[in-house]
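Shared chain: chain A. Partners: chain B in the first complex, chain C in the second.
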Partner chain A sequence: MVNYVLRRLLYMVVTLFFISIIGFFIINLVPGSALDARINQLRAQGGEVSYQEIESLKARYGLNDPIPVKYWKWVSGVVHGDFGESFTYQEPVGSLIWSRIGFSVLLSSFALIFTWVVAIPVGVYSATHRYTVPDYVITLIQFIGVAVPDFLMALILLVVASKFFHTGVGGLFSQQYQNAPWSWARVGNLLSHMWIPVIVIAASATAWTTRVMRANLLDVLNQQYVQTARAKGLREAVVIWKHAVRNALHPLIMTLGSLLPSLISGEVIVSIVLNLPTTGPLYISSLINKDMYLAITFLMALSILLVVGNLLADLLLAWVDPRIRYE
Partner chain B sequence: MASTAMSPVRGQAGQAEDFVIRVEDLRVEFRTPIGVSSALDGITFEVPRGKTLGVVGESGCGKSVTGLAILQLVPLPGIITSGRVLFRPHDGSEAINLLEYERMGADMRGTRGKNISMIFQEPMTSLNPCYTVGNQIKEAILLHQTKNHKEAKERAIDILQKVGMPNPERIFGSYPHELSGGMRQRAMIAMGLSCTPDLLIADEPTTALDVTTEANILELMRELQQEIGMSIMFITHNLGVVAQMCDDVAVMYLGRIVEQASVEEIFYDPKHPYTISLLRSIPRLGTNRKEHLEVIRGSVPDPYTRVSGCPFHPRCPSFMPGICDKVYPEALHLPSSPQHLVRCHLYNDLNHQEVATSSGDKSS
Partner chain C sequence: MATTQVLLEKAGTVQDRISDIGRLSQWTLMRRRFMENRLSVAGGLVLIVFYLVAIFAPFVTPYSVDALDSNSQYAAPTALHFINGHISICGVTQTLNKANFTWVYTTDCNKAYPLQFFAPGYSYHLFGIIPMNIHLFEVPKGQKFFLWGADSQGRDVFSRTIMGSRISLSIGLVGVTLSVILGSVLGTASGYFGGAIDNVIQRFIELLMSMPTLPLWAAFAAALPQDMSVVKRYFFITLILSLIGWTGLARQVRAKILAYRTLDYTMASRLAGASSWRIILTHMLPNALSHIVVVATLAVPFSILGETSLSFLGIGMLPPAVSWGVLLRDAQQLSVVESHLWLMIPALCVILAVTCFQLLGDGFRDAADPYS
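Presenting the complex of A and B:
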């Protein structure tokens, strides 16, 4: 097992190395960059000072270097924790991302917990009460949940929240807490703003997961060992939760692998609609503005989360199902 | 020996023998969107205490459903529509009708696994892959016998030893996938016997195993039966196994018991044309190679249609037009041996001791 993990870690490093090369190369293929926009701006202002400034900028960002040299400069920076500088924000990439990633992780974690806490029991109920009225109702809600696009649901909830609950909508804080230091009141304010994005982000995942849980459990309930458990005289609740559900969790665990990267990029549209200070919109704007270092750093962060997430999912799967043992 | 079941002439057989389970007029229906299928159409039989009853028949004749119905575990959309399942515990107390218990209620659950346990056909899938064998055996013991985990573990290891596991401590901590088919079936038997039940329902326990393992398992079951003194209801389609294992035999066809007798009579003096055909379709050592094995013509009819009269008549070699396709035959006790029951119009005339028909001769 330890050998297996070590081997996987080694593969991960190799994978990430290739992703960084290919990603960096592709991002550099696009003509122009965010810097060009600034240079043009400076040119428009004219004058010798500006010309010198342009040259110094070019030198600083290595704009005239060939791609491999640029790549090498960037990688050697990364090793020391320097991810380069954002052209558009004129700030170090590291601090830009860090200031936002907390909210992203918080939001997405809540969404994930919400998804599982709702989807597993509802899916189990739906499977054990197949073809009854509650099952049909749940199924209907599931299809709505899957079919309604995120942004639409966000807008609807915004309207509902402002009309019926009279809460401030959009953003993660009310005005008076926006730049206030952390306090319990501020945490409370954050939570009161969070429910809308959490529900919107979690809605389709919850619907989908409920569906998967139902289908899987129905398969498992037909298995002989479920009958064996009943024949032993166990309570139905024990039969379902101990013997059946554990065997139906595999696909849910496998989705965890792709879930980690979506923690920081998944809520893009919702964040834009709800004006949330998370990383998703930043990533999109970095791609649109050709903000090279910001984009490649995001790309690498997502890749790392993807490979780590997959490793964690594989390990978790081995823990849930003893038949899966890695050599 | 043979039961006094299938009533009309009940009591004639002398003293009512002690039974563990007496099933009376049990009916099970599967109500599906395409129609209603009668899986069990009023069956009556007894399992005598300490004896083994073999239940044989083709696939789909209702053998397994019978076993599941006794434990009220018939899977949906199957429902028990009528009948009684009388269970008499070994302490000699009054018989209880198990069907009066609520399906998932405490009383019914207290009977499952403790008084009546069941083992299934597929040892590969009847153990939960996520838990160790020990965990699954302990579960039943903790439920019915002791709340003490340490004691439960000791008992589990004990019973694993009893079923002939080479290294019970190691097997206790093994997962099902680490064991062979035969070992898993031993583990299942250990689980079934862990609470020393009065009745073990064995639903084709050796069908999925190779013949050597099968012989071992059957031997083991016989030994344990002697030791614990339990009764066994042995569901199978393998007549060879029946000959080895059973005291009495009930032959089922389409949800009905068509013939019931001691194992000797079934093999040496079968009466019902279906039983006779079944016995003839077994290949034998020493018969001529060129001879074709006899088959029962036709196949089991669609379960959603009802066959009028005797359900076997479309396939029966002794079909009598006008009777067999019109009237459903009653269960008859043969005058020559009152415990031999048969549902067939050929034997309607009780005065005739030996009925001469084409199916009367037997090959043995």
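Presenting the complex of A and C:
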């Protein structure tokens, strides 16, 4: 097992290395970056200070170097904790990203928890009450849930909330807590704002997972050991929850690999609509402004979130399912 | 008594179906299985209507997409009335409320204007070649008819949504076609040849799958220059969507090819001296075709959503191009949507199209395996 974990960790590092190459290449595809804009601005100011700053920027980021050299300069900085500078905010990238990445992780994790907490019981109910009216209703809701794109759901919710309930749902904090230091009241305020984005992000994933759970359980219920359990005279609830559901959960953990990307993508776009202080809005604006070091750092952060999530899913699966071998 | 009758009939059809296997061709069995799924058939029919409307879009739309009208900013949808046996609109007079300087619209149904069907309007080229100016419906000159309201610059939301469907609906199909070609070729190579090729392709797929989709799309799309022509941009956005979308399909094709590789008929044709090309093209791919169609159909909605999301974020299609995502950008501000709900109509089109594709894909999936 230890061996397996170590090998997976090594594999993860290699994956991230290649992702960083691809990402860096994509983001450097177009000429005319925010760095050029910054240098032009400094040149226009003129004077000795500006001149020195231009020279230091050129040396730090290798303005005229080919992309591989630029990449090398960037990576050697990252290893030392220097992610480069955001040229539109004129601040180090490191100081801009951490709180945003934190909120992204928080939102995605809560969305995942919400997905499972809702999808598993609903899926079980749907499977055990197959072809009844509630099952049909659940199936219909599932179809709609998958079809409505995240950002539309967020938009619709915004409109409904303000038109019919006369409340705003944007942001993660009320005005008075916006820049307040952390306290229990602020945490409470955060939680009271967070449930709406969490539901929006998790909606399509929940719908999809419910379908998977229903299909899994129906498969398991046909197996002989379930019949054995019933023949032993166990109560139906015990048969379902202790024997059947446990085995129907394994494929669910396996689908985490495709669930996580959709949650992370959802988080990015929903945050833009709902104006949340997470990676989404800043990532897209950094792409549009060609603020390349900010953009690549966010892209890497989101990829790390995904890769680490997948690793945890694999380890979880290996832990709950002893039939899996770690070759 | 009645229930027994029904049960017997049901049992009868199942019995028939089993005995039909081997008697009827596979395609007949598939078609029959597909037709049994009413929801999928309905989804398919709605999609046919969608695509017909997209093809004949200029004919269906009463106004051209960029017909500005500074007098009808945010005009509400025009009500249709049934007057004197004609579908008509009522005359509207615009007056300025001098107290708060907003336009007040009063309708007067005594002055009704019947819709004119197949009437001349703005000129266009049908299919891009045949010059025409006949439209499905028009209103008399001087009157304005906004079936789905107007946007901030007085442009007809109905016309724009219909014209927008051309980009939004076609980008899904074209993108998925490219994905299918890429996915089939690489999936087949991976499954058939195995070894180092398989290893390289699979690792590459894993790498692509380790990057979150939307942020990766966004990074690519943002790399496109802003001043690109609409056609070029369309081409590149399609390319971006398909370059990332082929991975799932390649995996499915690979799994199928791996399974076929060990079957007797493959061995038989190899022993008969068939080349790899022949085995792949005449024996393996036709077998995998139904599965490829299923995966492709289920992938189309994600392509449509991809384009819509990117355009909504302002890095996909850009004005003057019109697509559903571009139109929804107008609906980004809460204050605007709240008082002009009709700006959300393109969203309904997206949801409807995506739902129908899912239903259709579900039906195809059941039909692809008619022996179960």
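What we mean here is this: the second predicted complex is superposed on the first by the 280 of 327 C-alpha atoms of A that agree within 3 Å, B and C clash if a C-alpha of one lies under 4 Å from a C-alpha of the other, contacts with A are read in each partner's own complex, and residues count from 1 in each chain.
Methods note: a contact is a pair of C-beta atoms (placed from the backbone, for glycine too) under 8 Å apart; a residue touches a chain by one contact, two chains touch by 3 or more.
The structure displayed is predicted, hence computed values, not measured ones.
Engineer: In the overlay, answer first, second, both or neither for which of chain B and chain C A:L256 touches.
Structural biologist: Touch partners of A:L256: none, neither chain B nor chain C.
Engineer: Quick check for you: in the superposed arrangement, does A:L190 touch first (chain B), second (chain C), both or neither?
Structural biologist: neither
Engineer: I'd like to know which partner A:L315 touches here: chain B for first, chain C for second, both or neither.
Structural biologist: It touches nothing on chain B or chain C.
Engineer: First (chain B), second (chain C), both or neither: which does A:R323 touch?
Structural biologist: The answer is first: A:R323 touches chain B but not chain C.
Engineer: Which touches a greater number of chain A residues, chain B or chain C?
Structural biologist: More residues of chain A are touched by C.
Engineer: Given the touch rule stated above, what does A:R230 touch, chain B (first), chain C (second), both, or neither?
Structural biologist: The first partner, chain B, only.
Engineer: Contact-wise, after the overlay, does A:H243 reach chain B, chain C, both or neither (first, second, both, neither)?
Structural biologist: first
Engineer: What residues on chain A touch chain C, complex-wise?
Structural biologist: 15, 18-19, 22-23, 26-27, 29-30, 143-144, 146-149, 151-152, 155-156, 158-159, 162-163, 170, 257, 261-262, 264-266, 268-269, 272-273, 283-284, 287-288, 290, 295, 298-299, 302-303, 305-307, 310
Engineer: Would you mind writing out the residues of chain C in touch with chain A in their complex?
Structural biologist: Residue positions touching the partner: 206-207, 209-216, 218-220, 222-225, 301, 305, 308-309, 312-315, 328, 331-332, 334, 337-338, 341, 344, 347, 350-351, 354-355, 358-359.
Engineer: Residue numbers of chain A touching chain B in their complex, please.
Structural biologist: 223-225, 227-236, 243, 246-247, 320-323
Engineer: So in the complex, the part of chain B that touches chain A is made up of which residues?
Structural biologist: So the residues of chain B in touch with chain A come to 68, 71, 73, 75, 104, 109-114, 117-118, 120-122, 125-132, 136, 139-140, 143-144, 175, 177, 188, 191.
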